[in-house]
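Questions regarding the structure given below will be posed in turn.
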Amino acid sequence: MDFGFTPEQEMLRKTVREFAEKEIAPKIDWMDETGEVPMDIIEKMAKLGFMGVLVPKEYGGLGMGHIERMILLEEIGRVSPAMANTVQVHHLGTAPIVVFGTEEQKKKWLPPLAKGEKIATFAVTEPTGGSDVLGMQTTAKLEGNNYIINGRKCFITNTHIASVIGIAAKTGEGPKGLSAFIIESDTPGFKPGRKENKFGLRGCNTGELIFKNCKVSKENIIGKEGDGLKVALVSISNVGRPGITAGALGIVRACLEEAVKYSKQRVLYGKPISDLQAIQWHLADIYMDYEISKLLMYRAAWLRDKGERCDAENAMAKFWATEAAVRCAQKTITVFGAYGCMKELVPQRLLRDAWLFISGAGTSEIMRIIMARQALKMA
Amino acid sequence: MTALNIIVCIKPVPDPQHWTKITLDPVTKTLRRESIPSVINPLDKHALEEALRIKEKHSGYVTVVSMAPPTVIDNLREAIALGVDEAILLSDRSFAGADTLATSYVLAAGIKKLGKFDLVLCGNQSLDGSTGQVGPEVAEFLGVPHVTNVRKIDFIDRGLIRVESAIEHGHILMKVQTPVVLTVVREINTPRHISLIRISEAMRKEIKIWTMKDLDVDRDMVGLSGSPTQVADIFMPEMKRRGEILDGEPEIVVKLLVEKLRQLGVM
Amino acid sequence: MKDDRHESVWIFAEQRHGKLMDSSLEMLGGGRKIADKLKTTLAAVLFGHNVENLAKELIAYGADKVYVADNSLLSFYRSEAYSIILADLIRQHNPEILLFSATAVGRDLAPRVAAKVKTGLTADCVKLDVNEQRQLLQIVPAFGGNVMATVVCPKHKPQMATVRPGVMKSLDRDESRHGEIMKVSTSLREEDMKIKIVEVVTEKPKVLPIEGADVVVAGGWGVGSAENWKLIEELAETLGGAVGATRPAVDEKWALEDQMIGVGGKTVRPKLYIGAGISGALQHTVGIQDSKVVVAINNDPNAPIFEGADFGIVGDLREIIPCLVNEIKKLYEK
């Protein structure tokens, strides 16, 4: 059992960390204030290969594995969870094409997506619900050589910056009644709807997608009719969910660093509060949450890289890391005292950012359902 | 122009973010700097960037040379990941304890072994020692001219470079014949980030390590024995400040401050 | 005639556009102290074109001897010609100590010469002294000033050092002083020079340079906005000082790179330094340690800068600075 990273993975981590600290960190305040995505940073990341980590080399990607992707997203998330989420959803939108796409579809869409020239997203959630996937109302009716899509998706990431949009829509009834499609943003009948004004994860674009008699070629279907549920769940489980886990792990790491740094500087009763047992226990708890989240996340990634089925492990890592992010952000605010509530300082933003990760890619309740399925097989 | 041969000298230095962890052993009078990670000297990154830009503009071959212990080989890998063609580490126990003269002597020997070159680039000075001496001393050992404080480099043709060198309150425009050593300042460019695309390749590339026997050097001119200067003493400067905190309403506090500063003769 | 004894303290005297640099006059003052301690002579070395009158000035400022190389080749500094001639002079006369001011020229010329004559050189000294063994004690900062080292050059001559401008003090000008002027000739020709000067360009500084300013008002991350930064500029202007900044403030583009103080930036030694909205991280404070008086303004009572300050005010700089500006204006009116 080798728990270490390879020298290549260490260089990857160092490279991304330096980029995040130099290029992304100065934009955080602007992102939090305006809620806008800094497209110049997206461009810089694209040029350095961040957008194509999972795309095979023959289509212009880096052909790296899930462990490498987790390192990339953890390091971005440590500086900006919002930016980590933007990048990870782009990977999520690219995934159905990589895993289920035909050769023509791969040749058409993967090169610009790998280079970050086009941004992707994948949309399942509707006003009817996210957890209740089969309850969706967006329909795709086959008419000749095209599907006519009608419906509305909400709480989707990258709605206003993506030009390659993957969705799941109803082509029939029941579990085999969903199909997956790729729609390009300049298709008539499609438009992004409202932009959400979130209290956290600001600087990551969340919004609606509106389809009104949107005519899409049947060449744009991913897999066959009826494959939609499989495409959605596999992509979300293997790419979307871990992406959120990595962003959340970044938050926990940031909490640990902020809390330790502050406690060493803050003097009360004549000495730094890091000398007080009460504070030390908080720091220990944050450290423990960091290690647990880290181990769960990287082990799940290791299983995925081996090609093994790991839905329960993905769910467990997501559950733990996102809940830990909220918990540790609260603890960090506690360590900072009243300063923790001040907008000029980091801890309050970490809490606001952390909360958004709980409901993304499946709520904690759904994660428990997935874990229970596995637990039931254990005896 | 046929491909230019460019050499960049880089120095791994202790990461400044960790400098507060450097302690002074009061008995042995040595600095304790274990477990502080090393980074490529920031000004050397500008030298690397300039070399890569020249290579992209005119076609060239960029070799990185460094005299350092083998523990910092990752920093040379970073240079390869940035896009240099080759990296050479000059490393030997007998090179240790070198001052700038002994360091320059070894670097020059390494460069001579590489054969003909058009340009040697270095950062103007290092973050830790900040002497700015190695560039000119290497040039002397190589028998070529040098220019420091370089802000702009334009190749007119293979044998001639237009150089802009910063000086107090201005700059000097010169034309310099190659081969030449140029040491660069921050204003010359913005260094690129490592692209993830190059990382795998950089990890696999062989980095040559040349020891004493690989170089044509005199034992008396390297390391501690080749260093005319020696450190006789090291100490932490004492920060003896009054540390007086002035309390009260802004109007009152500033009155107090101005009075104190007036009495001290600084206002 | 070759002189085998190693004696005499030499100063490389710099002239630009026919005018002696103040830092060179300072070096003569410091050099005089060392020469007197060693009971030996002080000589200045001067290169240029049509600079004979400057040689007399150097004597008035303390030199016993001046070696002058006057040639059109040497009108503006170039490392080739200057280093060759200086190295020849050293080999002929064997000075014990050779000092330069750490100007751009000094820092360029000294190492080339040191490598030519294979001797030791210490850069940017903040203090010089001699011990009983006639060793020059060269005190330098390392790691940005976090650590100080005393360097010696026990077995090689001349012992060479460049000295930070502003560290030494020039003597009073005394016309009645006597000294020898020795003319130095050279066989170097312009055609042999591989470096040709095309133009020397003077740039007007965009802001008052922080180096050499008597008062520096610096701002950091805590200033918060470009709008608030105007307070820093106002305070500096009221005091007739220069504006400095920490790296975060430069990254925010409130100040220029030239104004950055600390690791990777500049070191300042003003009479008065005021830092507002600066936490006091080592990376900045190493650049202000030699200030005569340090004042800190920060709304965080635990900011490390208060430990390194003579006076500290805990408060919002948006309130404190306007009050301070008013109070100073009142004082100046009196």
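Order as written gives the chain letters A, B and C; numbering starts at 1 within each chain.
Operating definition for what follows: a residue touches a chain if its C-beta (ideal position, glycine included) is under 8 Å from a C-beta of that chain, and two chains touch if they have at least 3 such contacts.
From a predicted model like this one, the values you see are computed outputs, not experimental measurements.
Colleague: Specify the chain with the shortest distance from its C-alpha centroid to the centroid of every protein C-alpha atom present.
Modeller: B
Colleague: Report the pair of chains linked by the most C-beta pairs in contact.
Modeller: Looking across every pairing, the one with the most contacts is B-C.
Colleague: Just give me the whole-number Å value for how far the CA centre of subunit B lies from that of subunit C.
Modeller: Their C-alpha centroids are separated by 21 Å.
Colleague: At what distance in angstrom does the C-alpha mean of subunit C lie from that of subunit A?
Modeller: Taking the average C-alpha coordinate of subunit A and of subunit C, the gap between them is 53 Å.
Colleague: Express in whole angstrom the distance between the two chain centres, defined as the mean CA positions of subunit A and subunit B.
Modeller: Inter-chain centre distance comes to 40 Å.
Colleague: For subunit B, which residues are in contact with subunit A within the complex?
Modeller: Its residues touching subunit A are 74, 77-78, 81, 193-197, 199-200, 202-203.
Colleague: Across the complex, what residues on subunit C touch subunit A?
Modeller: Against subunit A, the touching part of subunit C is residues 224, 251-252, 302, 304.
Colleague: Under the touch definition given earlier, write down the residues of subunit A that touch subunit C in their complex.
Modeller: Residues 26, 265-267, 344 of subunit A touch subunit C in their complex.
Colleague: Per the contact definition, I'd like the list of subunit A residues that touch subunit B in the complex.
Modeller: Of all residues in subunit A, those touching subunit B are 7-8, 10-12, 14-16, 18-19, 22-23, 44, 47-50, 53, 62, 64, 72.
Colleague: Contact residues on subunit C for subunit B in the complex?
Modeller: 76, 79-80, 83, 103-105, 107-108, 110-112, 114-116, 118-124, 137-138, 141-156, 194-203, 205, 215, 239, 257, 263-264, 271-272, 282-283, 289, 292-295, 301, 306-315, 319-320, 323-324, 326-328, 331
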